[in-house]
Structures are given as structure tokens and as C-alpha cells.
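After this come two complexes, each holding chain A, first together with chain B and then together with chain C.
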Partner chain A sequence: MEELGIQILKSAVSGLIMGLVFALVALGLTVIFGVMDIVNFAHGEFLMVGMYTSLLTSPLLGVDPVLTLPLAGLVGAVLGVLCYFGLIRFLLRGPMIAQLFGTFGLMIFLRNLALLFMGSEPRIVHEGWLVGKSILVGPGVVLESTKLAAAVLSLFSFAVVWWFINRTKVGKAITATSLDAEGARYMGISTEYMNALAWAVGGASVGVAGGLLVNFWPVEPGVGLLFTMIAFATVALGGFGSVRGALVAGIIIGFIVNLPPVWDAILRSIDAAGLRGLEIHSFKYTMVYAVYFLIMVLRPQGLFGWKQ
Partner chain B sequence: MEAVKNAFDFGDMPRSELGLAAAALAFLLWFPAMPHSSFGMATMIQFLMFSLYGMGWNLIGGYGGQVDLGKAQYVGIGAYTTAVMMIRWDVPFWFSMPVGMALAVGYSFIIGYPLFRLKGHYFAIATIATSLVLKDLFEVWDFVGGARGLELPLKGDFPNWLYLQFREDYYYYYILLGMLLVGLIYMNGFRHSRLGYQLRAIKDNEHVARSLGIDVHWSKIKAYAMATAYVAMVGSFHACYNFNIEPEDTMSLDLSVLIAMMAMLGGAGSMWGPIIGAAILVPMKNYLGSWLGGQAGFAGMDLAMYGLIIMIIAAAQPRGVYGIVEAMRARRR
Partner chain C sequence: MRKIALKAAIGLLAVMLVPAMAWAAPKEIKIGVIYPLTGPAAAAGRELRAGAELAAEIANQVMPGINMDMAKNAGIKSLGGAKLTLIIKDHQGNPQLGADLAKKLILDDKVVGILGCYYSSVTKTVSAVCERYGVPMINGSSTSPTLTKRGFKWFWRTTPHDKWFTKDLFEFLVGLTKGRAKGVKAVPMAEINTLAAACEKTEWGSNVAIEIKNFAKEYGFNLASNILYAAKSPDLSSEVQSMIAAKPGAMLFASYTSDALLMIKTLKSMKAKPKIIWGQDAGFDKPEFVALGDDIVGILTRSVFLPSVVKMKPLSGQVNELYVKMMGHDLGGASARSFTGLQTWVYVLEKAGSTEPKAIQAACNTISIPGAQLVVPWVGIKFSTKGEEIGQNVLGGGLIGQYQKQKDGKIGLEVVYPFDIATAPMVYPFQGY
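Moving on, here comes the complex of A and B:
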């Protein structure tokens, strides 16, 4: 029974922490979607670029990986703007299918460019202020400081983006564009500029997320897909276009991903031989896909969404 | 009877297209007799397989306008049905293929019903989600060999028509070519069928289609099931041709995307589109891949170029190669 208690505590802590990180990954996607109704399949690849940026620039500049976060954000923002002006602007003229495939092509392109330059072996940050340190939260529940820092900085990033969107003039112009692009144009808002800005904000937030993630998650060229799917599930649950929804939904998804270990611990505590086959620890991320499917079918507008 | 007549009625196609198609068919029939490398033969077989996959995708994605990025799950169902039936119960290919198709179609009805409540992006992402769930399940399911997959037993007695095991590749080639012809004729019938017209109406404007009394939801599900049948059929063939199947190569997202991409490159919503797309992309992928991938330090270069081409096509001409041809034809008139 004690094992079960520890596992529940462990999953709850880990779910909250990872949930905040997932929320940060999804933030960029929901901002972009909210403004221009386009789903970016290359979102996970933006994350990968952020991860590599932090990983490579920290030894190059001789600073700690945590200090390279602004740089990762900057690279993400530049990448976002480049993609908008180089690709997305043209895709918006075409049918929906063209938008899907355009960003899909971008995903394949970025992933294989990474493979070409970085090779396929997974890499991770090995030394830094945070790496290897941990806090003992309870009996058997260890909180790695890398993850804790990521969660705290994720909350901070959310606060910044929320402030930017809701409290600044430019942010209000972005909201206006997402509510009614044509109306916004009549009001003298350059929607083209707002779209590019949304891509910059989205790219920056996912770049920072990548820089945080690489401290405890190995990066390889194919790392993006899992996070793209998690981000889709998060955005779908929170409501497409909702910043607040992304935060809440990210935490929920974090808990869902950490459910299987609890379920397995329950099975073990009952200790019936016939139940061993029901363990689901290998379905950690399958749950995410299943949850996405269920949300979309049962409540397409999500928890806080205004768009359908 | 009407349906059969429709299937063989190519009268509404321009003469030039039919002439080209006949020339292409003559080339395909002649190909094994020409001097070719075994790599060339494998490429041609892949081309035929992807043509059929693409035709299946085109049914729902092209004519119906519902972008499906989860076709690989049906490849997997077809392939695994054939493999499991052959390994466990010694069932020949020609019996297990229809069973695989039936299973895939049944499954497509079950998930198609909730799936088609979604539209556009949401539908596309949901199809990815369902196919990844199925793949994850197959990776841990011991009955189908888990992540290591299944290996088909050699039956001996070559050429073995019953179990589809041959030493020479051209047997496989001609069987696939036969499937392609049947598929094309069926597709031609579909174009003229009631469902075909309904589906195109849905693609153009769902509300108008509904106001005309079309049951939009049910039409989409039916077309989805037909598309599934194509894909599952080739999936079964894939199991026999490769002798070895695993979730990663029969059900991966990459395969789903490749299928959709070829149909779109050639021209979604046209009869020849998927075949044109496969004819361009399969050789390009194989030869570029072996040429660049063979040299050290160039891994990934081929697929990066591939991604670039997809981006350019999506941005410049979303209706694909066939769209370019049609635009040129319209200009000449």
C-alpha cells in the first residue's frame, strides 16, 4: 500500500511539473492558431531547433545552458518570422489541404536538416548549474532541479505572454486580428504585421521551451513528433486559440501522461497474478493521442475555446 | 449493370489522356522484359504499390476533400491479417486478403463514425492520432509479434501462387499491375457513381450538399471505407512481398504522409493524379536516397530536399502536377 501512496505522490508532482512544460510547448501553437487559423505541423521541429540552440551555444559562448534561453527564444522567433514570410503567407492563399502539406513539408525539411548537420545520436546537456541536483520532496519522491526550473520558467513565460497579449497595445491588436481580421484591417491594424508577430511570439515561446527541455530530455532530429502531438492534444483540450486554456490543459495532459504508473502501482498492490498483463506503463503517450481523439469528438471547442 | 457499364466508360476523358494512359500501360506491361536492375524492379513495384495507396487516399482525400493522414493504419491491418493468418493457420494469400480488407473496412466504419464529426485540420490530426494509437497497441501486442513484428514462413514450392511466394520479382510485379488495373476500373466506375457525385458536391460546399438531401456524414463514411479497402488490399500484398512486417514500416506516420503527399503532388481529385505523383516521387525518393544516403555525411539530405519540394508545391500549385496540366490545357483553349 505504501508503494501505491509514493507512486501517487510521485505521479502528481511529475504530472504538475511536466504539465507546465507541455503547456509552454503548446503556448506557441495556440497563439499562432488563434490569430490565423493555421495548424503548424512543424511545431515540434521548432522545439527541436530551440533545444539544439541551447545545447550548442552554451559551450560555444562558455555560459551555462540556462543563460542561453533568451538566445533560444530569439532563434525561435526569427525562425517563426522567416517561416511566415517564406512559406505561410503563400499557403494562406491556397486551400486548407495546401496549408496542411506546406507545414508538413516544413516539418520534414527541418527534421532532416537537423539529421544532416547534427547526426542521429541523442544528445543532452551534461553539465550546468541545474544538472544533477535534486530536492527530496517526500519519501521516495525526488524532484530534479532541472525540471523544477523548467516549470517555474514556464509559468514566468506564460505570465509574460499573457501580459503581452492582454495588457499591451500591440497584444490587443493581435487579439483584434484573431477575432475579426477584416474588421481589424478597417481599424488601421496591419494584419500582415500581426500575423508575423504571432509567429514570432509562438516561435519564441517554443524556442524557450526547447532550451528548458534539453536540460533533461535528450534531443535528436526526430524528437519533434511526440511534442507536436502533445501540443495538439493540449491545444485541443484547452480550446484552439486560448492562452489560459493552454496552461490548464497542459497541466491536465501532464497528469494524464503520469496516470499509467499509478494504474500499474494499483495492480501491483492488489497483487493478483492474472492482472500483470493489464499494466499500461508503455502506453504513456498513447494516452495523449487517445485523449486528443476523445476531446475532439466529444467537445470540439475545448475547455476555454471560442473557435470551432 | 449500369455500374459495370460506367466502370468501363472512359468517354469523358480527353483523347490525349487516354493515349498517354495506353502508352504508359504498354510500357508497364513491357517493363520486365526490358533490361533492368533489381533495384529498378523494386522501385517499379513500390511505384505500383504507392499508386494504389494514393488512389485509395484520393477517394476520400481528393474527391471528398477530407485530408486523411492515417491511411497507414489500414496498411497495417491488411498486412497483419495476412501475416497472422498465414503463420498461425496456414491460410493462403487469396483468402486472407479479402479477410484483411473486410477487417480494415469494419474498423474504418467504427472509427469513421466519430472521425467524420470533425472537419479540416481537426479531422486530419485526429486521423494521425488514431493511427498512432493503433501502432502503439501493435508494438506491445504479443499475438502480432510486438515491436519486432512478424516473419512469414517460407512455403517452398516456387513459384507458389497460393501463398504469393516467388523467387523472381516480376511475378509480384504483374500481380500488382493486375490489381492496379482493377483498381483503376473500379475508380472509373466510382467517378460516375452516385456516391462519386455526392462526394464532389460535399467537397465543393457541404451546406449546399446537405440542402440537396445528401447525407453528408454517411457519404463520407462510405467513401472512407472504400478508400480503406484499396489500402488494406495492398497492405496484404506488402506482407507477402516483404516477408517481414513490423509496426514501424507498415503503420508509421511517415507512410501515411507519403501516401497523401504523392496523391497531392500528382493532383488530388483527379483519376491520374495519384499515379503521376507516385511516378515522380517514388523513383526520386529511391534514387536520391541511395545516391545521397550512400555517401557519408549526407544522411537526411534527400528527405530535406523532399520536404523542400513539398513546401514549394503546396505554396505554388496546391492542385499538383495534374493541376498544372489542366491550367495549360485551359489556356490553350
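Moving on, here comes the complex of A and C:
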């Protein structure tokens, strides 16, 4: 029973940390959707670009990968603005399906561009303040430094974005644009500028996330997909466009994917030999999507969604 | 009269020439080669391609420095010196694309046979196409045991498969407890009796998990945790937590590169301390994995070829020298097996003396290539023609290598199993994180 208690504690901590990481990755996606009603399929590729930015610039500048985070954010923001003015602006004139296929095409384009220049082999950061470090916080509860830093960055980013959207004039203009673009235009708000700003904020947040994650995760051109699927579930679960929703949903998903070790500990504590074969690790993402499905059926706008 | 005689002579000559032309040996023999040249396994694809190309190069010209039959002739001697032409295609890791490429190679390019495909899932669909068209396929590098359990008449596999490799692992563990490992005193059984495994949930990984489960039972080990995880997962911490909680003596993995890297990083972050970590090749045998440096010292991986084999097999050294000139690095598991796959094609064609599918089929079923001809440390190549596994080479064998720090400070693989050919003392226990 003691083992079960420790395992629950371990899974809770691990779930919370990983949930904050998922939320961090999903933040940019929900900002862009909230403002423009556009689902950015290339979101994971922005993450990949952020990861490569830190991986490549850190040895080039001779600094720790953590110090390249502002650069990764800047590259993400510039990429977001470029994508907006070069592609998304034109897609907005077309039907919804054109927007979907447009960002999907952007995803394929960025991924193959990375494949061309970076090759397909996964790469890792070998040295850094966060690389290979972890902290023992309790009986058997170990926190990986990069994940912990990403969790702290996640909380910080959410606070900044929340403050920016709710407490600043520009943020209110963004909210106005997302509520009624035409009305906002009549009020003298440059919606074009607001849209570009949303892409810049979205790109920057996921760029920084990428720059930090590369301290732990290997990067390859297809790495975005691993996180995008979870990011989509996070955003949809929390409610499209809701910043608070993305945070809560990320944490819920973090907890769900950390359930299997608790289940294993329960089986061990009751010594259920017959249930030993019933391992649920391979179903952990199935559980995430099952919860997502349930929420969609019971509350289609998501947990905190305000857009139908 | 003279005109009639001339016409008759021309006619006779024509009649004599027709069959002679029909039976003339072809100048080139096309072999279709299907490998993953782009996509997640592109790095392995490059090695596989280079291995096959080097074998074709040796077969197509006389190479006095190589102590191998196929290096003594230019081309296939029994086919009038016909040269091999490889038509190389990229399946991108996609089984459907692989099947389409196989059809194209058979129908449009009129290949004599096919070599491929590395991914077991692609080999499965490609071999099904070959079976349908009655075209021979030789596989050198796919290790799913099910491939040779289908009773196919046109499919032959040179590499040992996962069942053999997993059996090697358990033989190794038992040997370790009996003090048979070089440089290690007999390890108490209680120390390594409990096992925890994590295999990716794919055709290959699922089969490895089944083999581990079966052999653990057969050899009397306690498999406390046998996890199938979603391949290319963004987070493996829950899997690692469950494995550590099982307090295993040995942790066993079947993972491709990015998962293998993430797995080691997660094990390190959670300060795992098993006595043994073993990987079923794939991600555990790639340059990116080796780049993890000190974190992998002591980790074991199964393989069919390790650079240290060169120390005990001069022929491997001769071929390896050419490979290093070509690629800038040593032969590895993928390239050596691909080399052997194409080499088998050369010996089969030589024996068949014909490009007719039936003749090739007969040659495959009766061929016997001695181990002395091979770069891989096997007894030889001889395909099973009856029983449970039709088309499987019964003379193959696996190796278990251990990452150790070499004298020059680099991390390299040393053979620790089979015990009698170990190239260095084994490091036991694993240092832990």
C-alpha cells in the first residue's frame, strides 16, 4: 500500500509537469485559433524550428542552449509573421477548407525543408545547464530539469499571455478582433495587424517551447507531429481559443498519460496475477482521446470554450 | 540451283541461330533493391544501399585482394560473365508504396528478382507481390519471425530473426549466472532473475515482446513488466516509472532511434539502476545513439555484425576496408546484412546458371554457402525447405555487443556473446545513472 501511495505521488508530480509541458506547446495554437478561427496544422513544425534554432545557434554562439531561448522565440515570431503575410492572409479570403489545407500544406513544406537541410537523423543537445540533470524531490520522486524548467516557463508564458490579452490595450484589440472582426475594423482597429500579432505571439511561444524542449527531446524533422496531436487534443479539450482552457486541459492530459504506473502499482499491491497481462501503457493515448471524445459529446465547445 | 542452295544455307543458318540467340546469356542481370532511403529510417537506408552496391561492385569485377569466390570473376561466370545491375527504389517506410514499387520493378523493369526491404512490414507486402508473380525475393535484414512462417515459395531470408536473437539473450543471461562471460564471475541468479521489457507497438516490437515473454517462461525468468508503448511517443516517463517500480535486474528494449534516445534520457533522469540494459538492435545500434556518449557505456545490443568482428575474421576486414573508403565509416549491422543479401543473390545466380525463376527457385532451395565466404560471423547460408520455417537460413547466428570506452576515448561495441568469440571482458554490472 505504501508503494501505491508513493506511485500516486510520483504520477501526480510527473503528470503535472508533463501536463504543463503539453499546455506550453498548445498555447500558441489556442492564441491563433482564438483570434482568427484558423487551425494551424503547421504548429508542430514551428516547435521543430524552435528546437533546431537552439540546437544550431548554441554551439555557433558558444553559449548554453538555455540562453538561445530569446532567439528561438524571435525566429518563431518572425516565422509566424512571414507565414501570415505570405500565406494565411490570402487563405482568409477562401472557404474554411482552403484554410485547413493551406496550413496542412505549410506543415508539409516546413517539414520537407527541414529534411532537405537537416537530414532525417534525430539530433540531441549533449551539453548544457539542463542536459542530463534531475532533482530528487521526495521518496523516489525525481524531476527532470528540462521538464521542470519547461513547466515553470509554461506557467510564466500563460501568465504573460493572459495579462497581455486581458490587461493591455493591444490585447483588448485582439479580443475585439476575435469577437467581431468587422466591428473591430469600424472601431479603427487594424485587424490585419492584430492577426499578424496573434501569429507572432503564437510563433514566439511555441518557438521558445521548442528551444527549451531540445535540452531533453531529440529533434528530427518529424518531431512536431508527436506534440501536435497532443496539442490539438489539449486545445479542443480546453476549448478552442481559451488560454485558461489550454492550461487546465494540458494538466488533465498530463495526469491521464501518467495513470498506467498507478494501475501497475495497484496490480502489484493486490497481487492480481490474473490481471498481470492487462497492461494499459499502450492505451494511454487512447484514454486521452476517449476523454476528449466524451467532452466533445457532452460539451462541444470544450471545458472553457466560448466559441461554438 | 546455286540460288536454291544459297537460300537453303541461309535458311539453315537462321534456324540454327534462333535457338542460339534465344539461349544466349544476358549481358546484364537486373535486381530490384527496395529500401527506406527517405523518412525516419533514411540513415539505415543509406547503409543498406551502400552494402548492396559494394557487393555488386565486387561481383562485377575481379578483385584480387578479396578472399571471396565472387571477387574472382567479373560478373556471373555461369551466365557468360553477365553483370549485375541494381535498380534501387525508396519505400519510405510505407508498406503500400513498397508493394507498388515491387509491381513496377517486376512488370516494367523486368527484374530477375528482388532484394529488400529492412522494415518487416514492407517486406511482408513486397514478398506477397513477389509470391503472386512468381518472382524470387531474398531478404537480408527483416527480423519479424512471421515472415518465414507463411509457407511462401518465392521468399528466402538470410538473416536470423528476432526469435533467435531473443533466445541468444536468454542463453547469455543464463551463461552470465554460470560465470561464462569473459571477465565476469558467476552472477547470482537472484540478481538478474527479474526482467522488465518495453517494446514499441509495431509489427516488429510486438513480436519481440511475445518472444521475450515466451523465452522468459521457458528459461525460468520472472518478467515483472512487459510494456508495449506507442512508437514515437512524446513522453516515455510513465513507461520508465513502471519498469523501475518492478525492480528489474535487466531492462530489455525494442525501439527505433528517436524512442531509444528518449528512453535513455528518461532512464537517466529517473536515475534507473538495473544491472543490465539490452536493446534489440534498431535504435540501439545507430550513430545518433552512440553520440549519447558516456550514458551508454555498459549497454548491450544484439547485432549480426560489429566492427570488432574484423579482429577475428580477415575477410570482414578486407570488405570493411573497401566500405570505409566508400562511406567513411565501418560496416554495421544493416550494411553487412545487405551486403550478404546481395552476395547470396550472386551465388544463387551462379548456381542456377539461368535467369529463369524456376531455376533460381531450385538454386535457392539447394544452395549452401560456407561461412568462410561471408563477412558476417555465421556458419553459412542454407535455406530451410520444410517444417515451420520455409525459406529461413538455418546457419545464421547473432551477436551481443556491449558499448565500452575504447583506449582512444571513443565509445565502441565489443562482442560479449557468443562467449567463445568475446573480443573484450564484459562490463558488469551496468554503472547505473
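Everything below uses one rule, namely that the second predicted complex is superposed on the first by the 306 of 308 C-alpha atoms of A that agree within 3 Å, B and C clash if a C-alpha of one lies under 4 Å from a C-alpha of the other, contacts with A are read in each partner's own complex, and residues count from 1 in each chain.
Heads up, the rule we're going with is that a contact is a pair of C-beta atoms (placed from the backbone, for glycine too) under 8 Å apart; a residue touches a chain by one contact, two chains touch by 3 or more.
Predicted, not measured: the structure shown is a model, and the values here were computed from it.
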Is this a clash or a fit when chain B and chain C both end up on chain A? clash
Touching A:Ile230, do we find chain B (first), chain C (second), both, or neither? second
Now for A:Pro300: first (chain B), second (chain C), both, or neither, which partner does it touch? first
Give one of first, second, both or neither to describe whether A:Leu115 is in contact with chain B, with chain C, with both, or with none. both
Looking at the overlay, does A:Glu45 come into contact with chain B only (first), chain C only (second), both, or neither? neither
Between chain B (first) and chain C (second), which does A:Ile124 come into contact with in this model arrangement: first, second, both, or neither? second
Once chain A of both complexes is superposed, is A:Ser134 in touch with chain B (first), chain C (second), both, or neither? second
Between chain B and chain C, whom does A:Phe90 touch in the aligned arrangement: first, second, both, or neither? first
Which superposed partner A:Pro260 touches (first chain B, second chain C, both, neither): second
Where on chain A do the contacts from chain B and from chain C line up? 115, 120, 225, 282, 285
Please name which positions on chain B make contact with chain A in the complex. 61, 65, 67, 69, 114-115, 117-118, 120-122, 124-126, 128-130, 132-133, 136-137, 139-140, 253, 257, 260-261, 264, 268, 298-304, 306-311, 313-316, 318
Sort out for me which residues of chain A touch chain C in the complex. 3, 7, 10-11, 14, 18, 115, 119-124, 126, 132, 134, 136, 142, 144-145, 147, 216-218, 220, 222-223, 225-227, 230, 257-261, 264-265, 268, 279, 281-282, 284-285
Residues on chain C engaged by chain A in the complex (per definition of touch): 38-40, 42-43, 198, 201, 225-230, 232-235, 237-239, 241-242, 245-246, 257-258, 261-262, 265-266, 268-271, 286-288, 291-293, 295
Quick one: which bits of chain A touch chain B in the complex? Just the residue numbers, please. 39, 87, 90-91, 94-102, 104-116, 120, 221, 225, 229, 232-233, 236, 282-283, 285-286, 289-290, 292-293, 296-297, 300
